[in-house]
Amino acid sequence: MWWEVPCQVPAEVQRENTRVAFDYVPILIQILVAFAIAIGVIVISNFVGSKRPTAAKLAPYECGMTPVGQAWRRFPIKFFLTAMLFVLFDVEVIFFVPWTVILRHLRVGGTDYVLFALGEMAVFAGFLLLGYVYVWKKRALEWEA
Amino acid sequence: MLEQLWLVPVFPLLGAVANLAFGRQIGRTMVSLIAIGSVALSFLLGVNAVLSFMSLSAPHGFQLRLFDWISWGAGSNAVHVADIGLLLDPLSSVMVLVVAGIGLLIHMYSVGYMAEEPGYARYFVYLNLFTFSMLVLVLANNFLLMFVGWELVGLCSYLLIGFWFTRPSAAAAGKKAFITNRVGDFGVLIALFLIWVNWGTFDFFGGPGGAATGVFDDPGRVLATQGVAFAIPMLLILGVTGKSAQIPLFVWLPDAMEGPTPVSALIHAATMVTGGVYLVARAHLLYDQSPDALLTLATIGALTAFVAATVAVVQTDIKRVLAYSTVSQLGFMVLALGSGAYAAAVFHLMTHAFFKALMFLGAGSVIHGLHEQQDLRRMGGLRRYMPVTTWTFVVGWLAIIGAPGLSGFFSKDLILARTFARGLIDPVYLGLYGLALLTVGITAFYMSRMVFLAFFGDFRGGVDDHGHAVIPHESPVSMLVPLVVLAIGSVIAGWIGVPSFLTGGTSPVSAIEVFLAPAVAATGVWEGTLEHLTEIVLTGMSVMVALAGASLAGLLYLSGAVNPVALAMVFSPFTRLFEARWYLDDFYRVAIVSNVARIASFLASFDLAVIGGSVTVVVRTVRGAGSVLRASQAGYVRGYAVTMLAGAFLVLAASWAFR
Amino acid sequence: MMFVLPTLEWWTIAPVVILTLTGCLVLVVDLFRGDDASPEPLAWLTTGGLAIAIGTSVSLWGYEAQAAFSGMVVADNYTQYFTVLFLVIVGVTVLLSFDQLTKEDFHPGEFYSLIVFSAVGMVLMASAADLIMVFVGLELLSICLYILTGFSRRRLESEEASIKYLLLGAFASGFLLYGIALVYGSTGSTNLGCVARAINPASTFAMFGCGTGSVAGAATSGLLLAGVAMLVVGLGFKAAVVPFHMWAPDVYEGAPTAITAYMSVGAKAAAFAAIVRVFMIAFPTLSHDWSMILAILAAVTMIVGNTAAVSQQSIKRMLAYSSIAHAGYILVAVVAASQVGIASLLFYTVGYTVMNLGAFMVVILLGRRSEDHLLISDYAGLSRRHPVLAGLMALFMLSLAGIPPTVGFVGKFYIFTAAVQADYAWLAVIGLLSSVISVYYYLRVVYQMYMVDPVAGVEPVTPLRWVTVAAGVAGFAVVALGVFPHGVLALASASSTFIR
Amino acid sequence: MMNFPTTVPTEAYLILSAVLFGIGAMGVMLRKSALTMFMSVELMLNAVNLSFVAFARHFGRLDGQIIVFFVMAVAAAEVAVGLAIIVDIFRSRRSVDIDDVNWLRG
């Protein structure tokens, strides 16, 4: 079975893998420094800077305009619908990734299964397409409705 | 004809199905014809089968396996569990004749009694269904099928008690009966499991097509298992106390009188309530091995007989007197079972079926004639209005109190004699015998009281609750014929149990015992008989006691029928004398009746408080738990999630603990 | 390059393929119809697809067990037994929902395709040979059910049931998934056969497609125990086992009645199909660890389900608690952990399906105007308004209570006997005691129908012909299976041979 | 020179995964907004994903990672359905506070 074959990882990659944590240490230090600077600047400015609050200063900044209405606005349902459809189709695409990686190597015992795999993906894509047609016909994609 | 045995239960079932399907369309006459015809066919076939069986030289029984019902697995490792099969042996022969015979009479009686009622077809559907179920119960060749009948009769009983559902009390009584019985059935079910685990079969007897060895072919198998030999009989006893209305589960039977009177006669006097007695007789080989279980049974029986008899003394409702009397008589049967005198129990079951059905139907006739009046205080003098009812009722009364020569006399004395005989080895039984003898006296007292109050003296119910005049009338012929037949039965049914020494025979036991012996003869318990002289003395004692009880009742209720007040007005000089008589009366009342009444009401309240109370507690606990659970289901998703998480932790912890 | 087809055992998932195509077809056909077209053609299309799938499944009966798709699914008699059961349930649901579908303006296309897709999920659960397949099947079933539960959008109850089901269901599937991860971590595989071999090298479940590769198992580690416990939570949720049952009453009450009926038998049977496979194949040698836990859960489930049902006023809620109690009974059969036990489980599942669907048919017949007449007191005097329906309902109630000679009695008898044989006599006793309680609330319905006068204002019902016929068939089956249990029992025994 | 471990042990991933799972579960129980609860459930699923990947790496095999794809797809479907239902609830009740949704009880 395919998964019982241990991952065919090149030797040099494996060697690097063993040092993986060590390699990340500089990045970790960098992140810490970045956070420290950001937090430090805010904290220091809080202590050092003068504070003379006025109503105008406390108001939310809206490009020089007076803020109107509530900050929290309801979005039209369209946004949700679009977001949901996006999430669905977006996630389905993850199945393409392992397929593309493995496609050229689908050769077991001298038999070539590449075309079969292509066909399989066509079936999968076909189902996705069916979903797309469904969404289309249900007018979920029409922005002005 | 034995091969057609299966038709015996099937005919009433067909009748029920036909009336269920077409009952509303075909009219009352056809409904009655179908219902009665099916039971009549069943009875005739039953008689025929029993006759062929008796001419057969297989006293242990004839098994008819119809088809495989339940089995495990498939192919070579198939395990036979139970089949739909019938067993005709002396015990089931007696039961079939009683069930089909009495059932037939009561079907006929019902035509007149229910003539005015709505739901006529429904009534007969239930009644036919009951007959079918009861026949399944007594004819089954294995415990499981018997249990099917056992449950079905309970169901029919429920439906028939609640037949007049417009009365809330009727519906409640039905429910009470069913649920009380379920408690008993629970015991039976557990016993069934134990039987299955220990024997690997439910069949009573082995044979071709079924188990090689039935339970009763090897009853000693459980003796090796400590406790099981005691547990199975005890668990069955729980079922008996439910179905046959014994202490502590007898509370449902008096309430069951809410049903139509013929139903009370058939189900709650003659047949269904004897199911428990049948069960023990059937399984007696298991009881023979457990003297403790037998003693328990005998104690329950004697106590029930006594308690119910004392309660009956203070009842004023004619049906309730009969109900308590039934409980009491069932107690006698259970006492006989507990004494190892299974044949005596079955014999009394049979005679009791006759005279108690007779009295219930008589009471029904009275109620019918008085426009639904059941109160003894509103009766009196009915012999002038309803002669047939009265004199058949009197036959029943004489039978139950044990008037020499009538059926009850033989069966009751057989029980007393066997209990006494048992007492010679185990003195506890002597105490039980004493209690039973006392009960005979009380029985004679309350039965005589009922008869005197209802049929003798003056009519006291001239005006009903609504102020209308009541003129008692005799019932229609269709109701009287069963009364007469049953009265004849009540007289002669006992003659098959006449001790053979009285008829010049040589056998130490009576004919009925000889007939039943292959099925129910006790094994391992003392089987000896008493000296003839002892038996005669015992009989004499019980007759004396009964006579005393009846005389006391006569003194109080019969001679009181001469109205002292009226006499006093006519013969004023004698007033004081009559008043003095009333003092005497009062003395009797105070000294005896009120004390008996006090004991009775104490026992009744004990029953209410303890038995009823514990039932109430159980019901309240379940209801309370239910409402707690309801409250916990508050509708908050987050709460549900918390419960789930807590459950997950518990499962996790448990998996750690049981590792 | 040549197109070479690998040796895949396609036939093993033939019913799944047929059902999937049916679902897609229904969806597409619906797209090209007018908005107010009759749902009838779609119903026929669905039923046709179901019939073909049933036929296929039946024709696959009797073959030797065959694992396929790298040990993802297995096709054996057990699979086919459940497949046919599920598809019949779906067919009945299509019939039951038809009336409500037209009255409440459900979109028929979505409704039917969702039902068919949920059936795919159930069939996958029954044919799963791998924990991941169990998960995917269960999620497919669940997601469809979340939507179906909320299908009566006009009723706020339906909506509420839907969100509750969704949140709790997702919560539970988190546990299930975590359980799978932990089992994977401790045994190195999610294939049921491989898991079994990792725990006990001697176990032989080759038919589950566990290859010859090594298993990195760490036998009975704490990780594994925790994993099994999580699996119990996740699968127990779907089967509504106490204390993971609390969604059930709310969801059953809120969902459209046809869907309630569907959930109460279909989803429950599917959950048990998976539970049996998982626990009997993957963890048989751990039996001492989990069978005691399952036994306790079964006992608590029976007690809580039956007790809580006593004080219910709504018939749907009462049946919901009753179905919880029945989950307890069925779990007893799992605890018995023998071939006989599993055969009795299979038999009882069929019996429960028949009697519960029957009861819901009557509920639907009475409440057909919309979701009304759902109180037990609405059944007052039904015996006079409609004696046939009342008789059938009484029959179903008695069967659910386990009164002979109905299938409920025979089924309970099998299960409890199996428990006694497996030395779980105490469990059988608790089961019997709690079923004594159950008599009380089932009889309340009978009591209302036969012994109470009809309530004024509740108009007489005019039953739907086909649903009435179906109820009649169910009533017949309840008695027939009670008196002649052989046929189904033989099938059940033949389906449980994978357990040794 | 500090002595860093040369690899991150599998246990560390598992502990992180367990912590994330716990946070998710707490979120379901403590938050009132249906949306947040739903996000918490997703967190639980992704915590499990982390476990799968960690185990797969531990065994040096790929199946655990493939499983993660399945889980992600399933989770996406669940999200879509969940959001739809929550939107529906919001439209009819003007609130996504889950504690307001308790008509069905008892």
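What to note about this one:
As written, the chains take the letters A, B, C and D, and residue 1 is the first residue of each chain.
Note that a residue touches a chain if its C-beta (ideal position, glycine included) is under 8 Å from a C-beta of that chain, and two chains touch if they have at least 3 such contacts.
Being a predicted model, the structure only gives us computed values, none of them experimental.
Look past subunit A and you find the other chains held together by touch in one piece.
A count of contacting C-beta pairs for C-D and for B-C identifies B-C as the more extensively joined pair. Note: centroid distance subunit C to subunit D, computed from Cα atoms, is 27 Å.
With centres defined as mean CA coordinates, subunit C is found 44 Å away from subunit B. Centre-to-centre separation of subunit A and subunit C, using mean CA positions: 38 Å. Per-chain CA centroids place subunit B at a distance of 66 Å from subunit D.
Each of the following residues of subunit D touches two or more other chains: 25, 28, 37, 61, 63, 77, 84, 98, 101-106. Shared contact sites, meaning residues of subunit A that touch two or more other chains, fall at 2-4. The set of subunit C residues that touch two or more partner chains comprises 163-164, 167, 171, 249-250, 312. Going by the touch rule set out above, the chain pairs that meet are A-C, A-D, B-C, B-D, C-D.
Of all the residues in subunit C, the ones that touch subunit B in their complex are 163-164, 167-168, 171-172, 175, 220, 222, 225-226, 228-230, 232-233, 237, 242-244, 246-247, 249-250, 288-290, 292-293, 296-297, 304, 307-312, 339-340, 343, 391, 398, 403-405, 409-410, 413-414, 416-417, 420-421, 425, 428-429, 432-433, 436-437, 439-440, 443, 447, 450-453, 483-486, 489-490, 493-494. By the touch rule above, subunit A contacts subunit C in their complex via residues 1-4, 111-116, 119, 127, 130, 133-134, 137-138.
Contact residues on subunit D toward subunit B in their complex (touch as defined above): 25, 28-30, 32, 37, 98-99, 101-106. Interface residues of subunit C, counted against subunit D in their complex, comprise 132, 135-136, 139, 143, 146-147, 150, 153, 156-157, 159-164, 166-167, 170-171, 173-174, 177-178, 180-182, 184-185, 188-190, 216, 249-251, 253-254, 312, 317.
In the complex of the two chains, the subunit B residues touching subunit C come out as 20, 68-74, 84, 144, 147-148, 151-152, 155, 158-159, 162, 165-166, 170-171, 174-175, 178-179, 182-183, 186, 189-190, 193, 196-197, 622-623, 625-627, 629-630, 633, 635, 637, 639-641, 643-644, 646-648, 650-652, 654-656, 658-659.
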